[in-house]
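One chain, chain A, appears in both complexes that follow, with chain B as partner in the first and chain C in the second.
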Partner chain A sequence: MIARMRLAVGVLALAAGVSAQAEPPLPPPYAGAYQPQGVDEQGFWQKMDEEERRLAQSDMVIRDPALVGYVRNILCATVGEDRCGAVRPYILRVPIFNANMAPNGTMQVFTGLLLRVHSEAELGAVLGHEFGHFEARHTLERFRAARSSTDILAWAGVLGSLAPSYDVVRAYRNLEITLISSLYSFNRDHEREADRLGIAYLNNSNLRPQAAAQVWERLIEEYQADALSKGLKKPRLDRVPFYATHPPQVERATTLALLARPEAATRDDGAARYRAALAPWLPQLLDDQIKLNDFGASEYIIQSLAESGWTAPLWHARGELYRLRGAPRDLVQAAQFYGEAIALDPAHPEAHRGLGLALLKTGQAAAGQKALLRYLELKPDAADAKLIGMMIPKEVPAP
Partner chain B sequence: MMSRLIAALAVTLIVALLPSAAMAHKLREQGVAVSIADSPLTVTPGRDWNRLDGNVGKHTETWTLDGGQLNDLTFFAGIEPGKPLVRERSKKREPLPKFGAGTLLVELPELFEATYRTAKQIADFRVTDVQPTRFLGQDGVMFTYEYVDQDQLTRKGEAHAAIVAGRLYMIGFDAPRLHYFERNIGDFHRIVQSARMS
Partner chain C sequence: MRQGFALPPQSGKTILVLRPSVRVAEQSTGGMAEPRAEWTDQARRHIDAALVELQRQLGNRVIAAPEAYGEDARLVAEHQALFAAVSRAVIEYQFFVGNRLPTKKRDNKAGQFDWSLGPDVAKLPGADQADYALFLYTDDQYGSTGRKMLQIVGLVAGVGVSSGVHAGYAGLVDLKTGDLLWLNADFQMGGDVREADGAMKRVRQLLEDFPGSTIAKEAAAPAATAQAKP
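Take a look at the complex of A and B:
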């Protein structure tokens, strides 16, 4: 709420100062198969090609042609058919909000991003932003700046290998992760340029450019909800991978709102199509989020997805979230949420399982065992079927 | 960015240059019964193991053969209700799921899974099997799992757990799916079979 107010104030302030801000232009027509120039860029591309080979083999990559194709289509719809040919998207099963693009055309989209955007236009806004970095070749400048830090990495590796403890190896690996992400963390000017490019793509597409601001607005709210539930004064946005060097989110949301072409506000943002395409993956993405033990953020994500209508997977996820936290009042609420899921989809096996466990733990043994029995009927080959079976006395009649 | 880099480098340097006498790993010899983390849990290894110095939590111990990344045998010896399985990096900012007085056996795999996902910040974790078993003379649970760690290596694991007098006792074994898991799963089973409450 406060974010909204600050945002509104920001919009006014900016509108006064930048009312004459012109709509950002698109870069010149796309030149097609670009080849790296000069020793720095060629070397960097080679490194990225090697990285891509490794990525393509990774077990973290989701290899669902339908989902990958859909994400690719959204990118193409955003930046245009001629541009998107240069991109090879990979979807990584990582439950955080992030996406990045290497200069050789490798695009990494994290599942945490897919869970958090609500429409094709919103996903297009983020992918277009990353594509903007790619088209403006920001990574090359970062690479030149980062060569000194790569030397640091080499030395840390040598010293780390001298030390005997596993913890040192782990610390070294953390260092490596930081450095690799430092190649991707652009400075604020780069971010602003990519934002402007991203919105220019959207303005020229068939998608609704106003969606770009929504993404950041919702993200601020998520971090605030998370901080609130942890009893923190305010969220540490600088610790979040995608944000560390990004412009202040409020500034960003306001700028994006201003740059969006006003007459495009009535365009379709493809929210219904997005929900349909993501539906097969939604239960898994929700599960990945819930098991991060981040109660405030997970609750916010579920609630905001439910704005377009509660579904059985959403109720079930909420039940799981509350049952995992496990305070007595949580269990009572979890049972209620599982009940809502079952009302919408009586054949949802995991909802019956959750209901049964929540009831058992709140002292309602008979009803709990009945729900567990229904779970086993619906999913006789479940991994935990035998153990659940032992919790049900034989004489309980079938529901 | 740069100052964080320098800080990280300084930490690495300091740790690397600490006198190595402070890092005393211990040999756990074949056939010699040892108590785990000063708890009533005792095991008798069927072969020599190395106990790594340092632990991931208050009531834990980690053993290995070739190093923690290739075979990681972790004992959770008497986790109290209200406590997480491993130490929290930050109680406030990164809380871990807690074992509770009301936790059911069938929920232990979920607790373990949520702990791994939260502590390691990974998404790809699957519990592949859950079976009732006898462990430490009690009804217990045995479960197997598979996950992709941040180093992008797929690991397999198996754990046996029981709740004794309100406290959680569990032994888990993780190793890369390729070669290492199959090679030492028998050694792990021998340790599980030898586990007693003294």
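Take a look at the complex of A and C:
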């Protein structure tokens, strides 16, 4: 009872503390073709320009003009046309939840982020956060903070070794821990500032700012689902570990929910448009996620995407997820999921392929071969056509 | 150097130079690299000029790789990454005898130098006009005043503090077959690349074992030099 009361008081204090934070004023946009100032900034920009030359030619970059243009439009809709001109977004085929931004205006958006957000407003919230780092020149400040800390440590180390007594060594260790801790906490404060800037952009846009908190709420649920399926202890996402680079997810979700303008809650979040724009890429993004071999997280992502209605690609992805885990019970369920996909889209070749393979493994040879045959009919030039053909004895004469 | 390969001096070959990777930074007191735009620009300019001059002395013609776009640019980027990976493997497994890869042990005992980027190098833009491709990489960090002070105090205190990083490697690739013909790597190079004279010294060191080279070796070679010894 006392514990519960204390918790209630704590939550109240948190709420009061956060609501006292005013929405920060937006920094002035980078004017025209901004040129870096001072040796540190110039050095970083040139280094990143060189990196961008390499990034632009990388095989990890997705070069679909429609998708890149769509992501750019969401960024512009979030931060405003006068700001987004300074950014060059690149979409990287990396199946993890992340995006980042370099000081020279290179923005990297990972496909794992595109898979996990459900609407234009949610994507805008994350892109706005990254853009906040860029406009507030956080990379430069972090570099300078790290430089002064390592300078102090280097001097302390050399001077301390002049008098190597037990007390001096202990003082050095303490200093080291203090500096590391303050660097990480400095980092977390930058993330908080970027969160506040991100939500301020969203508040001033036409998108629904309440979506920002949803991103984190769903990520928390994904982590919990993942831990559950691995039999791990429930992760504590409300605490700050010593080496944390970001504030805890629970804090971010709470803060963003409180900072979103309440009267903007009725705005459109563009979920339907987002689904339509991402549809051509969804099968590949799901496939990349499934191949991470992270059953709990993948199952959670598929289920949460299916909240807006099951589609053939979602059923197929779920079938793949279960078939690849491959326990006998998984294969039975996979066959059922492929069946659902075929019911929605009878011409989905890969669903027939998965169904055939799942049935073969559960001992239903005739039905399995029939499904594989259908796959080859639908996609005769498939990369694995010969391999699949060998599983249908009548199709390929013995060599 | 690859066995059976010889490049006689004054043979008038054409060498395609891919955009060298040049990084120049200042080393902070704590040892962090602080990228310096002006130094990097100067170094790039001086190294390019020194390269043309030294190859002219060797009797070779140097052409810079044309700026590439689209598919071509991706091909160049892929080959530069491949060259970096192969050179790292050569430095790691060929230059240090005790560290040979099991698959290359027998060959290497007989003094083999057998590495290749594959025949696709022939498709690089500009490859049809040249015989060989030269890849060049330098990474420099110059100790800041603070770092040097720390080094001096460290000397008194008996703590070893190193100041500056000067690494470089250069490699020659046959543009017909993709074979790596020659590679030189050195992690303690001389010459201040921020100045014309220093860049000349640096490029001379990088090319001192260049096939058909008549460049005189530096009098006192650095102790930690690691070079391809067949």
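Note that the second predicted complex is superposed on the first by the 315 of 399 C-alpha atoms of A that agree within 3 Å, B and C clash if a C-alpha of one lies under 4 Å from a C-alpha of the other, contacts with A are read in each partner's own complex, and residues count from 1 in each chain.
The criterion applied here is as follows: a residue touches a chain if its C-beta (ideal position, glycine included) is under 8 Å from a C-beta of that chain, and two chains touch if they have at least 3 such contacts.
Keep in mind that this is a model prediction, so the values were computed, not measured.
Peer 1: May I ask you to name which of chain B and chain C touches more residues of chain A?
Peer 2: With both complexes superposed on chain A, more residues of chain A are touched by B.
Peer 1: Touching A:Val39, do we find chain B (first), chain C (second), both, or neither?
Peer 2: Only chain C is touched by A:Val39; chain B is not.
Peer 1: Which of the two partners, first being chain B and second being chain C, lies in contact with A:Lys47: first, second, both, or neither?
Peer 2: It touches chain C, and chain B stays clear.
Peer 1: Kindly classify A:Arg329 by the partners it touches after superposition: chain B alone (first), chain C alone (second), both, or neither?
Peer 2: A:Arg329 sits against neither chain B nor chain C.
Peer 1: Considering only touches as defined above, state whether A:Leu387 meets chain B (first), chain C (second), both or neither.
Peer 2: It touches chain B, and chain C stays clear.
Peer 1: Look at A:Ser58 in the shared chain and tell me whether it touches chain B only, chain C only, both, or neither; answer first, second, both or neither.
Peer 2: In the superposed model, A:Ser58 contacts both chain B and chain C.
Peer 1: Report, in rising order, the residues of chain A that make contact with chain B in one complex and with chain C in the other.
Peer 2: Residues 54, 58-59, 149, 152, 155, 159, 162 of chain A touch both chain B and chain C.
Peer 1: For chain C, which residues are in contact with chain A within the complex?
Peer 2: Chain C reaches chain A through residues 23, 25, 28-32, 34-38, 40-41, 73-74, 76-78, 146, 150, 153-154, 156-159, 161.
Peer 1: What part of chain A is in contact with chain C in the complex they form?
Peer 2: Of all residues in chain A, those touching chain C are 36, 39-40, 42-47, 50, 54, 56-59, 143, 146-147, 149-155, 157-159, 161-162.
Peer 1: Mind listing the chain B positions that touch chain A in their complex?
Peer 2: Spelled out, the residues of chain B in touch with chain A are 1-2, 4-5, 8-9, 11-13, 15-18, 20, 23, 25, 52-54, 67-69, 92-93, 95-98, 100, 102-107, 109-110, 113-114, 117-118, 121-125, 127-132, 141, 148, 150-152, 154.
Peer 1: Under the stated contact criterion, what part of chain A meets chain B in this complex?
Peer 2: Per the touch definition, chain A meets chain B at residues 54, 58-60, 93-96, 111, 149, 152, 155-156, 159-160, 162-169, 171-175, 177-179, 182, 185, 230-232, 236, 244-245, 288, 291-294, 324, 326, 357, 360-361, 383-384, 386-388, 390-391.
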